[in-house]
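There are two complexes below, and they share chain A, which is joined by chain B in the first and by chain C in the second.
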Partner chain A sequence: MIRIYFAGVDIGSTMTKVVIADEGEKVVSRVISHTGAEHRRLANRVMEEALKQAGLSIDDISYVIATGYGRINVPFADKQVTELTCHARGVYQFRQGVRLAIDIGGQDSKALKIKDGKLIDFVMSDKCAAGTGRFLEVLAPTLGLRVEELGETSLRATRKVKISSTCTVFGQQEVISLLSDGEPLEDIVAGLHDAIASRVASMARKLKIEPDVVFTGGVAKNSGVAKALGKNLGCEIFIPDEPLLSGALGAALLGKETVMKALERGEPVKRSEHRLEEATFFDQVE
Partner chain B sequence: MVNAAGTGLIRVKEIYRNREQRVKELKAEGKTIIGYLCIYPVLEMLTALDLVPYRMFGDMDETITSADDYLPTMVCPFLRSVLDLGIKGKYDFLDGVVMAHICDVGARLSHIWDVAVKTPYSHFIDVPHTDRKISRERLKELLQDFQETLEIFTGKKLTPAGLKESIELHNRQRAMVRELYDLKKPDPPLISGTETLQVMIAINSIPVEEGNNLLKEVISEVKERGDDVPKKSARLLVWGPVIDDIALIEMIESLDATVVMDDTCVGSRNFFADVPLTDDPLDGLAYRYLEELKCPRTFRESNTDGVHRGYQADLEARFGYLGDYAKEWNVNGAILQVPRYCDSHGYEVPQLKDYFEQISLPNIYLEHDYSKAALAPLKTRVQGLTEIIG
Partner chain C sequence: MARYMGVDIGSVTTKGVITGNGKIEAFLIIPSGSNYRAAAEKLREELLAKVGLQPEDIACVVVTGHGTDRIPFGNKTVADMRCCARGINRLFPEARTVIDVQGQSSQVIRVGEKGQIISFAVSEKCASGSGRFLEIIANVLQIKLDEVGPLSLESENPVVFTTGCAVFGESEAISRVAEGIPKEDILAGVNKALADKISALAGRVGLEEQCAISGGGALNTGLIKRVEDNLGIKLEVPDRPQLVNALGAAVMAEEKSK
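On to the complex of A and B.
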C-alpha cells in the first residue's frame, strides 16, 4: 500500500517548525529550527531536513500548508492558512476536549476559542512585547540567567515580587532596581512570570474561559509561566509534549483534510509545483 | 460628449484623490466653506444659508507632530490627525468650522481649534448624550443658538421654508445612498466596499446638490455592471467610527472577503435615517440627530421609564438594527474596527460582541493605530475571521 504524506510548515518570528504526518495522522518527522533574518527565506532547508529525517522526497508529500508569520515565504506550499486556524487544529489533536488554547510565542500571544476542533473566536496581543516570549528573552540576561533556566528558578521562589510595569523596557528598569534592593533572584523571576501570565489571562478572559485549557508556544516550555497561568485562569492547564509544534501539526492535518475533502467530492486537488527552493521577494523580481 | 453613464466612478476616484479641489474652486468663486467634524453638525442649516459644508478628515500617511503640543498622545489618533493638519495649514481654505460634543476629545478639540488654528467662524454644538425627551428639547434650543450664530456670520436670515427645502435636499441624498447600498445585497455585490467608501468620501467633500448628481450617475453605472466585483466567501459588516481612507477596506478585500455592509460614520450611519418634515423644522432635526442617528456617543436604553427589562432587551435596543442589516445584506461575519483610544466605540465592544454571539455572527475586534504602516499585522486577524467563516 502506498502511504501518503502531508506537511505543515510554521514560520514563526523566532522558530521555524515542520511536521510531516501520514494519512493515519501519525507524525513521521518533526524539525524545529531558528527563523532568524536570513532563515526566513530558507524554509526549504528546514523542509529538506524534515524530509531527510523521514526518508522521503518532496514528491512523496501530497499537500503542504504554510502557516505563521512567514507563511507567505514558502514557495513550495499549496496553501497558506493562518496560525490561528492551524493552532486550533493542532491543539485539538493533542486534547479533544479543548475549548481554549493559549499560545505565547516569541512575537505575540493569542487565545483561541475552539469548539469541536474548529476555531470559533480569537484574540491576539498587539504590538507590545510585554505578554510574549520576547519579554523573557530581554529580561533573562539582566538577571544573569538563560531563558531556559527561568522556569526552574522561579519554582524555588518563596514569594513573588510584584512587577508593576507590563512594558518590556520599563520592566527591565524595574528588575534592575529590584536587584539593587537585594530582592532574591527567584522571587523576581516568579514576579516576571506572573506579570506575563496575568496579562495573557486578562486577554483570554475576553473569550469567556471554559475548560479544557491548553497552553502552547515556546513560553509553554517555561514551567514557571505555566504555573502562574493556571493560577491566573483558575483552572488546570494542559501542555503538549512539544508545545512548539501545534501550529505545524495543525497545518499538516488541515492539509490532509483538504485533500480528503477534495477526493470525497471527486474534485482535483489544487496544488503548487512543490518547488523546494528559496523564497524570492518582490524587490528581487525584475 | 462623454457618456454620463460611464463617468460617475471615475469622477468619484478623482474627488477621492483630491478631496479639497472642488471646494477650493467654489471658494475662488466666492462661496463660503465650512468645515465640520463627525455627523452631528446639522448640515441642513449650512446648506440652507448657501454655505458649503466640507467634512474634515485626518491623514493616515502624515505623522502627527504639531498636535502633540495640544493633545496628549493617548487620545483618538484621528482627532489628533485632524488638529495636526489644521495647525500645519491644510485647512486654511476653511471660512469656519462646526464641531459637536461627539466625544470628550472631540469637544475639547473644538476649543483647542480656536486657540491653535483659528478660523473666522467657529461653533460648538453641545449635543446631549441621552435620547430622552428633555434632551431633544435641549438640542432644539442648541440648534436655535447655532442658527443665530450662522445668521450673524452670514448676515442672512434662515427661513423655515429655506430650511425645509434644504432638509429635502439632504433627505434626497440619504435616499440615494440607501439605493446605492441596496446594490450591495446581491452576491457578489455590484459595488465593492472599497468603491463604496470612495463614493461616500466623495459626497462628503462636495456640495449636497453636486453629491446628488454624482450619486445618480454612480447608481445608474453600477446597476449596469456585470461581474466587476469578485465573489468572495466572507460577506462582512464593518462597524466602528470614522474610516476616512480606503486602506483598511482594501486590506480586508485583498483577502477572501467583501465588505457588503457597514455601520460607520462615513458609511451608512449618517444616511439611513431621514429628517422628518415637521411644522417647525427644528423639531424634526432635533429628533433625527438625537433619536435616529445610531452612534455610541448617544446613550441608548431599552426603556426610558426606569424599568429594567434585562440584558437581552438592552442588547436588542442598542444593536437590533445591526441584526437587521446582517439579515438584509446576507452578512456572515463582522469586523468591529476601532482606532486606538476611541473610548465611545471601545465601550460598546464587549456588549456588541455579546449581541453578535447571540445572533451567531462570527466577528473580530480590530483595534488599529490610524496608520497605514500598522495595518499589515491586522491582516492575519482578518484572514483568521475568513477561515472561521469558511
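On to the complex of A and C.
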C-alpha cells in the first residue's frame, strides 16, 4: 500500500516548526528551528530536514499547509491557513475535550475557545511585550539566567515577590533593584511568572474559562508559568509533550482533511508545485 | 540675602538650582548613576562650591524626584509634579499647561496663576510613553540623544511603529535598519509615536494656552515640532528645560521659608 503524507509548516516569530503526518494521523517527523532574521531562506531548509528524518522526498508529500506569521514565505505550500485555525486543530488532536487553549509565544499571546476542534472565538494580545514570551526573554539575562532555567528556578521559591511594573522595560529596572535589595533570585522569578500568568489569565477571562484547558507555545515549556497559570485560572491545565508543535501539527492534519474531502467528492485537489527553494521578495509581492 | 536650593533626582540626571532674590544664582546637572544618594550629595557639594557657599548658608532645601526618602539632607520633600508646576510658573507666568517629558514618564499638567496644579494626566506604566523609548531606539541606531532632534527633523517619511511597545519597537527599529531605512526616518517615527501619546494625554486634561514643555524630552526639537503640529499650538520652551523641576523645588523652598 502506498502511504501518503501531509506537512504543516509553522513560521513563528521566534521558532519555525515542521510536522509531517501520515494518513493515519501518525506523526512521522518533526523539526523545530530558530526563525532568525532570514526566514525566507529557512522554510525549505527546515522542510528538507524534516523529510530527511522521515526518509521521504518532497514528492511523497500530498499537501503542505503553511501557517504562522511568516506563512507567506513558504513557496512550496499548497495553502496558507491562519495560526488560530491550525492551533485549534492541533490542540484538539492532543486533547479532544479541549474548550480553551492558551498559547504564549515569543511575540504574542492568545486564548482560543474551541469546540470539537473548531475555533469559535479568540482574544489575542500582540501590542505589548509584557504578556508574551518576550517579557521572559528580556528579563532572564538580567537575572543571569537562561530562559530554559527559569521554570526550575521558580519551583524552588518559598514565596513570590510582587512585581509592580506592567512594562517589560520598567520591569527590568525593578528586577535590578529587587536583586540589589537582596531578594532571593527564585522568589523574583516566581514573581515574574505570576506577573505574566495573571496578565494572560485576565485576557483569557474575556472568553469563558471552561475545562479542559490546554496550554501551548514556547512559554508552556516553562513549568513555573504553567503552575502560575493554573493557579490564576483556578483549574488544571494540560500541556502537550511538545507544546511548540500544535500549530504545525494542526496544519498537517488540516492538509489531510482537505485532500480526503476532495477525494470523497471525487474532485481534483488544488495543489501548487512543490518547489523546495528559497522564497524571494517577489513571492511576497504576489 | 537668603538662598534656597532645589534638588531634582531624575532617572538619568540629577539637577540642582540655587536661587536668591527670586533669581537663579547657580545650577548644575550631573549623571544620576546607580546610587541616587551619592549623586545627590555630590551635586549639593559641587553646587555650593560654584557660588562659594556652605550648607548652612542655604535657608531651605527642597528635594524632589526618584528615591527622595534616601537623601540625607533637605528640609522637605515635594512631589515632582508640584515642582514642575511651580518651576514653569516662575519661568512663564502666563503658562496654563505644561507638558513634562521625563526619562520614565510623561505628564500634562494644568497650572493655575500661582503655579498650583489644577489637574493632570500621567503616563508612567509604559516605557513607550516616556523618554526611555527614545533612549532605546537611539541606542539601536548608535545616535547620541542630543542628535535625535536635528536628525529627525530631516525626515520626510517617518517610520510607523505598529505596536506602541518599546520592546517590540526596538525589534521594529532593528528590522527597519536591516531594510536600509535611513536613521532619520526611524527617529522621526519614534518622535511621532511619543508625540501621539503625549497629545492623547493632553486631550485628557484639556489644553489651555499658553502651553510650555519641560523635562529632558524638551531638548528634542523633533519631538517639540511633532507635539506642536499635533496640538496646533506653539510651545514655550525654557532654555534649560531639564532644570524646571529643580527650579520649582527651589521656589517651594522659598515658600516654605516665608
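What we mean here is this: the second predicted complex is superposed on the first by the 278 of 286 C-alpha atoms of A that agree within 3 Å, B and C clash if a C-alpha of one lies under 4 Å from a C-alpha of the other, contacts with A are read in each partner's own complex, and residues count from 1 in each chain.
Simple rule for what comes next: a contact is a pair of C-beta atoms (placed from the backbone, for glycine too) under 8 Å apart; a residue touches a chain by one contact, two chains touch by 3 or more.
Since the model is a prediction, treat every value here as computed from it, not as a measurement.
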Exercise for review: Could you check whether chain B and chain C clash or fit when both are placed on chain A?
Suggested key: clash
Review point. For A:126, is the partner it touches chain B (first), chain C (second), both, or none of the two (neither)?
Key: both
Practice item. Tell me which partner A:169 touches in the superposition: chain B (first), chain C (second), both or neither. Key: second
**Study point:** chain B versus chain C as contact partner of A:81, first or second or both or neither
**Key:** first
Exercise for review: Tell me which region of chain B runs into chain C after superposition, given the options 6-14, 42-50 or 60-68.
Suggested key: 60-68
Point to revise | Common ground on chain A, meaning residues reached by chain C in one complex and by chain B in the other | key: 126-127
Revision key, fill the gap. Seen from chain B, its contact residues with chain A in the complex are 350, 362-365, 367, 374, 377, 380-381, 383-384, 387-388
Check your understanding: Once bound in the complex, which stretches of chain A touch chain C?
Key -> 37, 107, 126-130, 134, 138, 165-170
Practice item. Enumerate the contact residues on chain C facing chain A in the complex. Key: 104, 125-127, 132, 136, 163-168, 178
Revision key, fill the gap. Seen from chain A, its contact residues with chain B in the complex are 69, 81-85, 118-124, 126-127, 206
